[in-house]
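Encoded as structure tokens, here's the structure I'll be asking about.
For reference, chains read A, B and C in written order, and residue numbers begin at 1 within each chain.
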Amino acid sequence: MIGMRMKALDLKLIRDIWRIKGQALAISLVQASGIALLVMSLGMIASLTETMTAYYDRYRFADIFAAATRAPELALEELRSIEGVSAVEGRVVGGGLVDIEGVDAPITAQFVSRSADATAPLNDVHIVRGRAPDPVRGDEILLLEAFADAHGLEPGDSLPVTVYGARRVFRIAGVALSPEYVYAIAPGALAVDDDRFAVIWASYDTLAPAFNLDGAFNEAVFRLARGVDAARVIPEIDRILAPYGGRGAYDNGDQVSNRFLSEELRQLTAMAFIMTPIFMSVTIFLLNVVISRMVQTEREQIGLLKSFGYTGGEIGAHYAKFALFIAIVGAAIGWLGGLYLGRVMTGIYQEYYRFPFLLFETDLRTIIYAAGLSVLGAGFGAITAVRAAVALLPAEAMRPPAPEFFRNAKGATKGFSLPLDRPTRMILRRIARRPFRSLALVFGIAAAMGLSVMMQFNHAAINHILHASFRVIDRSDMTVRFTEAIDEAAALELSKLDGVTHVEPFRDAAVIFVNGGKEHLGSITGVTSAPTLNRVLDDELRPAPVPESGLLLSAPLAQLLSADVGDEIEVRFREGRRPTISIEIVGLIDVMIGTPAYMSIEDLNARLMEPGRVSGAYLSVAPDARAALQRRTKEIPQLAAISVREEVLTNFEQMLSEGPGVFRVIMTFFATVIAVGVVYNGARITFAERRHDLASLRILGFTKAEAGYVVTGEIVTLAIAALPIGAVIGVLLWTYISTALSTELYQVPTVYDPAGLGVAGCTVVFAALVASFLIQKDVDKLDMASALKARD
Amino acid sequence: MPRSRVVTFAILAALVGVFFLYAFWPRPMLVDIGEITQGHMMVTIDEEAKARVRDVYVVSTPAAGRLLRVDVDPGDLVEEGRSVVARMLPTNPSVLDVRTEEQASAAVAAAEAALELAEAEAARADADLALARTRRDRFASLVEEEAASQAALDQADRDLRAAAAAARSARASIGMRDADLRSARAMLMDFAAADGDAPAAGAQPTEAISIRAPVSGVVLKVVNESEVTLPAGAEIMRLGNPTADLEIVAELLSPEAVRVSPGDAVLVERWGGAGALDGVVERVEPWAFTKVSALGVEEQRANVIVRLDCEQAEHAGLGHGYRVHVRIVVWEKDDAVIAPANALFRQGDDWAAFVVEDGKARARIVKVGRGNGRETEIVEGLAPGDEIVLYPSDAVSDGSSVRRRG
Amino acid sequence: MFPGALLDRFAERRQAAHSQDPDGFAFRASGLTKVYGDGAAAVHALRGVDLEVGRGELIVLLGPSGSGKSTLLNILGGIDRASAGVAFYESAELTAMSDRTLTAYRRRHVGFIFQFYNLMPSLSARENVDLVGEIAADPMDAVEALSLVGLAERVNHFPSELSGGEQQRVAIARAIAKNPDVLFCDEPTGALDSKTGIEVLRVLKDLNERLSTTILIVTHAAATAAMADRVMHFSDGRIREVVTNESKADPADIHW
């Protein structure tokens, strides 16, 4: 034994906790769930953000991108001299096709030039395997790792490509990653498709002549000095590049990869900062309820201690320690669990984003706040319960609760003169006698169920988005895009290809929307007047009529621009002759994915003074002809990209299930743990409170099952009562959250899936049944004599 | 267990049951529903086409000369034989320089000299002829006196005949030289005329030749508008009659051209006016040529000529080379049972569709006829008025509960 | 049974306290009333009780169950409150004390022994005694207290490992370990067999005699009354009569 002996009260504390270790563990796990979720999500977000920032810093991700048609190298000098610019590079970028044996569809490639002699190049690459291309050998290139892995390409392999119409064979010197292509999405695509989009870095000397840009560049990338606002520098850049066909510079917030990455992080942050507080609140509430009930079962012991002369403060401290112990254990488990899960999640994201390294960060302050809150919650629950018990006179406290005072209060119990057997009446009277206590437990179960409901609705919402986007809005079989906007005869030609049964052309125009001080980089889609293959639908999936003249804007886009129906906004086109036109907004629609803007294709073409142009088409293709058609399209020079709806759907599903999907699965798991924990605790507490009654019943001659029914019946009744309340709580939570979770990339629809209620309800009912089963076993083991005598 | 407890359990179970039933009750899937109709359906071959005037008349220069500035503009109406569409001057004083004028003067001098020479020659020839006659007459009288030989007389005859020939020749030469002189003088006279002098005496005044429209119609295109010297046969303008003489030419891919026959009905759309024009396939040219399509692919195409089968006033405004869109009807039926093509799907080797009966989707095998991409003819299996599921997804199966979306 | 030196010290202290107010009563009560509930279901546990208890007296309260004797004990012991009337301990008015003062009163002056032992099941015998000792001003060592009740060999056993009599003795050890001025015993022998009961009573008698501890014992076993100084007979919420014993019997002689 340690020299200094522990005080008896503390010994009691330790042994009591050990005695109820199952229950204590269940409560701790409930709390740990909330904290683990918080730690995990905050850690994950902090890690990803830190990694992303460090990645961008170490590899000098550009701050501003500016495209031009053809700018001479001399222009770089002028650009360099802009105030605020700390570095600028000119490079050649362009599209092309990659020819992979065995792949039927055209594979888009993005070529990016690198100058071999730059010591600290912007948008630097990280070479994963192989080596940098030898500047002497003009056919050596670096290939994006994701693409190389998808096709099993290694350094040393050759890669036949088509650049600007000419066929060439390159040699892969190395496989690389770049901060510019964390998300490698082909232009116009919705999701990452590793095996259909390649990024190829080649030397300037190889690419410039290939794209007819000798001594010139068509994209300038900039790094700004610290604290410099991009908005000040961009107009200068535009001015300098205007004579060279400058298409409007933009900051890296609009760069595709960064934008997707930022949006996803934003959504994770939203999920974390919105959902975890909800989880935490529920767990704190539950802690409060559960611990307060547990302390209430100690009523007689409290009275006894008081009769010995222990002050209210001393007794309160004892039970506070009890609550604190459980809470701290829960917090510790939660913290460790959260750290571990955070690492696992970050690892999953890393595989998906392909960062070259990973930094782990923990947001200590928030976690300490959270742990502190939950500990306080537990302590508060204990203290309030103790105060209630301590306020009683010891004699009252020690008085056995049966027979409790049952009055025919206001006819409340009159209803129970129904033909019910006595044990059932006992259950119902007990519930009615202490309505608040029962209500608290019901509410606790309902809150936990609400969490499950919320997660189920979330899952259903994601499915709804996918279903709506790929089965209702997009009904095409394939979408093709041309290399540039060409005559509509091309669309007609497509209809003559074998297997194509219907063609619906469209025209996309890359634009910058400007309304007052607000700007947004986006695109306008010109559609035919009554589209069937890819329709313009609102968020209730009703067809929205495309106006003959004017813009039909999606509500999220209108919000970004602070514009409304009737406003005329400035549209700066970034292609063709790059005119700036004022167009009136004639309608708004709510959409689910993205921030689209629609016009009639005739109107769009007319305003651009380019009648009869199309930039792509939606096709419906006979099922047996699809493969042959894909092969055929490889040979059509004007086709830049084709996407098959089924494949895009699969990619999108995969994208949503990785990363955010795993996060959701973990949250659903925690919601289940919480629900089960609450039900189990409620059952145990009820059992503890009723031990005396149970013993009496058994002595009277009731069988084990019948005696057990008194407790299990109460639990099951409360659980069933919790079902509709849990459903309502879940619906309310989801209504609030679905709006908060929406990002620029997709709006989370506020749809309620009844099956989700069922699943969550099953969890609760299942938990209640399991708890009843366990409690029944304890009833069986009940030592009647000691239960009658002993007061705990 | 007492009966009241059984009842209690039953009630509780019922309540729970209601909750879960509500939750898990299979809700009808939302689908888009269409209807089988009966009516007119056609399968067409669509292509971009151009309108063209069938007979384009080329007005060209009848002779080398100077075309005066053309006053008519494309679109002007012309009347056969009456409207003057162009005027030209037949000669060609296009090179008005000093050297040529000098050469012309020299030519005149040379011609004059040549004429003088010819006249002198003629005078000499006459003198020789007179002498030859005199000699022959003397020899003839001498032969009578037997003072000279017959041979000498023959010789004298021969000389006389030679001299006569020479005299005729000299005379002809004069004529020729005279003509040369006149021609040289004429050329010189034109210079004088061009310089604004009064025409030299004896020179002919030049008048513009009016070229009249060979046919009634409109001027389609003016090739040479400005005043210019042209050789004979050079194109000045093209005339035609777009109102009365218009046809449509479509360049069809050769496999499509095979399916088209003369007499097929044609709808001419997107011609710029209201509605579609009616046309008829007049002929399908058997000669295919290579053409690079808008997609950049080389293809074999053949011309299909379509005759407009409507009143002239209906297609007023349509001109030569104007772009239109033709839909050649290769199959049509007036009472076809029509299903939306997107409702049909493959089931093994057959086609099938989901018929909506009492809120449930029932798969039904159908036999199909022709299809035009949007509509498919149903030969067997569905009747007009049947409701079918459009764009059935994998989620729909036989017996699924469905409900109309919207 | 009791080691002399230890108890001598306690006895001295008590006598010193008593000498300050030699004529004072330990308890005085006047018109004590206690009613539970209200209206038709009201239970009148005490209906105006007057009494006086002298220091060092051993009082036995007799009566059938429901007669109010336990209620009186609880009120005097400070674990319940009267509905009406006044009660004094020494010169302090119990009925006017706040909760905190009552707690202090119990802490310093009172020891309780209940019928159903009320031991903490998760603590050993020794720890149960320590529980009370740790809040006492000058407590007895737990092992000593337990040896006083004859449980020196069972100090580390848990209540579930002790017989009923042993458990009650632990409760006694717990009560006396802090050397209370007053010891309240509510049916101390009610759950025990006769032999154990006698032992318990002997301990109580010893305490009363050696330490001048004022002891109030509630019981419905009439034979116990023989060892008291005075016997108060309760019925129906009132003291029906108070009987003074001429001579106090030895517990061994009590037969029930």
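As a working rule, a contact is a pair of C-beta atoms (placed from the backbone, for glycine too) under 8 Å apart; a residue touches a chain by one contact, two chains touch by 3 or more.
The model shown is predicted, which means the values in this text are computed figures rather than measured ones.
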Discussion item. Taking the touch definition from the header, please name the shape of the chain graph: line, ring, star, complete or other.
Written reply: line
Worksheet item: What chain sits nearest the middle when you go by CA atom centres?
Response: A
Practice prompt. Can you check how far apart chain A and chain C are, centre to centre, with Cα atoms defining each centre and the answer in Å?
Written response: 67
Worksheet item: Between chain A and chain B, what is the separation of their C-alpha centroids in Å?
Response: 64
Worksheet item: Which integer distance in Å separates the CA centroid of chain B from that of chain C?
Response: 130
Worksheet item: Touching chain B in the complex: which residues of chain A?
Response: 419-421, 423-424, 471-472, 475, 486-487, 489-490, 492-496, 501-502, 532, 541-542, 620, 623-624, 635-639, 709, 716-717, 720, 723-724, 727, 754-759, 761-762, 765
Worksheet item: Which part of chain B faces chain A closely enough to touch in the complex?
Response: 2, 4-5, 7-8, 12, 15-16, 19-20, 22-25, 27, 30, 46-48, 253, 256, 293-297, 341-342, 345-346, 371, 373-374, 391, 393, 395, 405-406
Discussion item. Per the contact definition, I'd like the list of chain C residues that touch chain A in the complex.
Written reply: 37, 41, 74, 77, 79-81, 99-100, 103-108, 110, 112, 114, 116-118, 120-123, 127-128, 130-136, 160, 191
Worksheet item: Residues of chain A touching chain C in their complex?
Response: 7-9, 11-12, 15-16, 19, 300-301, 303-312, 314, 391, 393-396, 398, 405, 407, 786, 789-792
